[in-house]
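The structure follows.
We call the chains A, B, C and D, going by the order they appear; numbering starts again at 1 in every chain.
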Amino acid sequence: MGKTRLEAFSDGVLAIIITIMVLELKVPHSSDLAVLQPLLPVFLSYLLSFIYIGIYWNNHHHMLHTVREVTGGILWANLHLLFWLSLIPFATGWLGENHFAAAPAALYGFVLLMAAVAYWILAHVIICAQGSGSLLKKAIGPDWKGYGSVLLYAAAMGLAFVSAWLACAIYVLVAILWLVPDTRIERVLRARGEQSGSAP
Amino acid sequence: MGKTRLEAFSDGVLAIIITIMVLELKVPHSSDLAVLQPLLPVFLSYLLSFIYIGIYWNNHHHMLHTVREVTGGILWANLHLLFWLSLIPFATGWLGENHFAAAPAALYGFVLLMAAVAYWILAHVIICAQGSGSLLKKAIGPDWKGYGSVLLYAAAMGLAFVSAWLACAIYVLVAILWLVPDTRIERVLRARGEQSGSAP
Amino acid sequence: MGKTRLEAFSDGVLAIIITIMVLELKVPHSSDLAVLQPLLPVFLSYLLSFIYIGIYWNNHHHMLHTVREVTGGILWANLHLLFWLSLIPFATGWLGENHFAAAPAALYGFVLLMAAVAYWILAHVIICAQGSGSLLKKAIGPDWKGYGSVLLYAAAMGLAFVSAWLACAIYVLVAILWLVPDTRIERVLRARGEQSGSAP
Amino acid sequence: MGKTRLEAFSDGVLAIIITIMVLELKVPHSSDLAVLQPLLPVFLSYLLSFIYIGIYWNNHHHMLHTVREVTGGILWANLHLLFWLSLIPFATGWLGENHFAAAPAALYGFVLLMAAVAYWILAHVIICAQGSGSLLKKAIGPDWKGYGSVLLYAAAMGLAFVSAWLACAIYVLVAILWLVPDTRIERVLRARGEQSGSAP
């Protein structure tokens, strides 16, 4: 079984998820510049989710580089990941519509948490299929970043009921964590002739 | 005629179908956690349909592995399958919106039934094109699962007017039937050097 | 310049057009079976447009088989075709919403007419790029079907104001014309080792 | 890292952006031909944006021809470009809904300006990755058209508050500038055996 269609299908779903979110930016009926102001939280939540989907697409891209043969387990673990990512537009819309209120901020963290867990499962299904000497296992390493993100999401979910802004700040922080050192990993792995991929 | 574009087009349509369904999860205007409760049936129907589209994508993927040359008949049988699958978001939305009422549950079964029939037609158009010694024919075998699913869908359509929950339980059962032994078939076929593919 | 991305982009746009149309089938709020009846014209117009997009995808697929090198002219002629096809969901929605009234039936014909003209332009840009001995030119031949369709669309646009049903019957007739002999052309061309492709 | 998935993902996002815009053409409830008249500005803004996305897709297609290896920087610069392009449907909808009013016309220019800047960044990230003797650098040259477009967008943003129609005329002018000489560049570059690509 080739991985071309798995990649094509995932690319399609991610491309639609990323573009569907922009539909939450509803076209205002007035032509006044001031009507854009209440859209600002919707825009910011869109920006954050766009970056998250970008990170997932980027890492998914790297992870599948290490895959030779697609098993039934990998297909379903991949669909499971896409399922949680497909809920991001809903969580984003609720967050933006309610100007970063407590419950939407907690739900946003929950969806990110489940997506991270689904990514972890996908990675481990691939590692099992590759057997000992798995390229992906070496690339991920002890995966501090993966486990740390899950802890931060969980913490943010609780903190959302204290301060939704604090929770959102944590989501931004995790996104930055995944954006910044990505090039470092890439460079290290290129030197070793390996490919990277770990869960945001 | 190559099959690359047939696969790409089908992947595109399936990716959009699976993602469009999530738009039925309308963003609530209140930020209260309690507003998520009435969304639960919508979420559950989305989950069920996501799994069904996943099963179809998975099996479609396997089935096209056995195809060398795409004929006009295969193109149209494939479009016919995509037509019925494209009605799943509508049936799902109606089922979720009305909290698993009788008529929506019956319609849901009808769309699944027609999709299964369309899948059967596609399989047999491919088998005819492959002639005697068809790889797909050997892989499908007597196709108990395919015929059984159609009977179960038909039964559920009738039972929906007695109990919509019973009908939905049958849809869940059929989905599980198709999820569970898929790996078994795959393993058997890999041993024989063949590829599988049958109608859910 | 390769044609892979041209095909991929066209497939993406056509897949989205075909799937967006189903959104016009709005989920009813009541769970009564009777609410499906007013949706019947929307469903029928969706079915007709699905078949038209299917025919276009099918013929586009064949036509690009004859293309070796993609020029700027081919890129823009292709985008021009996609532009008119992208208006089909709007024309379909208006036709279905108003239960096959006069003006929507005429507009539907206008969009089909412009799409046929755009297809003709694309075919001729490709023929020009291929120079004398163009494979596509031989495959299309005198193109009676292409010119006939355009005349039938134009006639239907006028007749729509007499009887919208007559106009729609003509659209169904043209679709059948393009569906039926397609396999014949395909078989003839395969015998000659050529590839077909003409405007619906 | 291959560029196939980068192209596939970009094609997917651009295909969805171009098709989502047509959803702003809301299906009217009356079947009178006269209801199409208020839709004219929506149609015209759709047409303009369709052409802009077409230009971007076309140039993106050319630019990636010069890329051999995709770095993390290229991935993110590409996502940054897609982010601004994904806001075009919103800007288009606002422009069309308000019949080319001042603030929407200025915002439209702002989104085009940011997309042009993002395109410029992507081009320069690619040029840096290619090192000295970059194929893309030679193809772009002094890039008068790129810088000129940015100046024209900025001017149009200011002029929008004097006359929204003047601003829109400038957007049309820039689109024509990018449409017309594209074939010239292509021909020149083909002669030199190079590939083109610059920011609209």
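Here are some notes:
Following the convention adopted for this analysis, a contact is a pair of C-beta atoms (placed from the backbone, for glycine too) under 8 Å apart; a residue touches a chain by one contact, two chains touch by 3 or more.
Here the structure is a predicted model, which is why all the values come from computation and not from measurement.
Two copies of one sequence, chain A and chain B, touch each other mainly through non-matching residues, since under half of the numbers at the interface are common to both. Comparing the CA-atom centres of all chains against that of chain C, the greatest distance is found for A. Distance from the chain A centre to the chain C centre is 38 Å, each centre being the mean of its Cα atoms. Spacing of chain C relative to chain D, judged by their CA centroids, is 27 angstrom.
Inter-chain centre distance (chain B to chain D, centres taken as mean C-alpha positions): 38 Å. For chain C, residues touching at least two other chains, in rising order: 8, 12, 15-16. Across the complex, chain B meets chain C through its residues 1, 5, 8-9, 12-13, 15-17, 20, 24, 71-73, 75-76, 79, 82-83, 86-87, 89-90, 93-94, 97-98, 101-104, 106-107. Residues 7-8, 11-12, 14-16, 18-19, 22-23, 25, 27-33, 36, 47, 50, 54, 57-58, 61-62, 65, 179, 182-183, 186 of chain A touch chain D in their complex.
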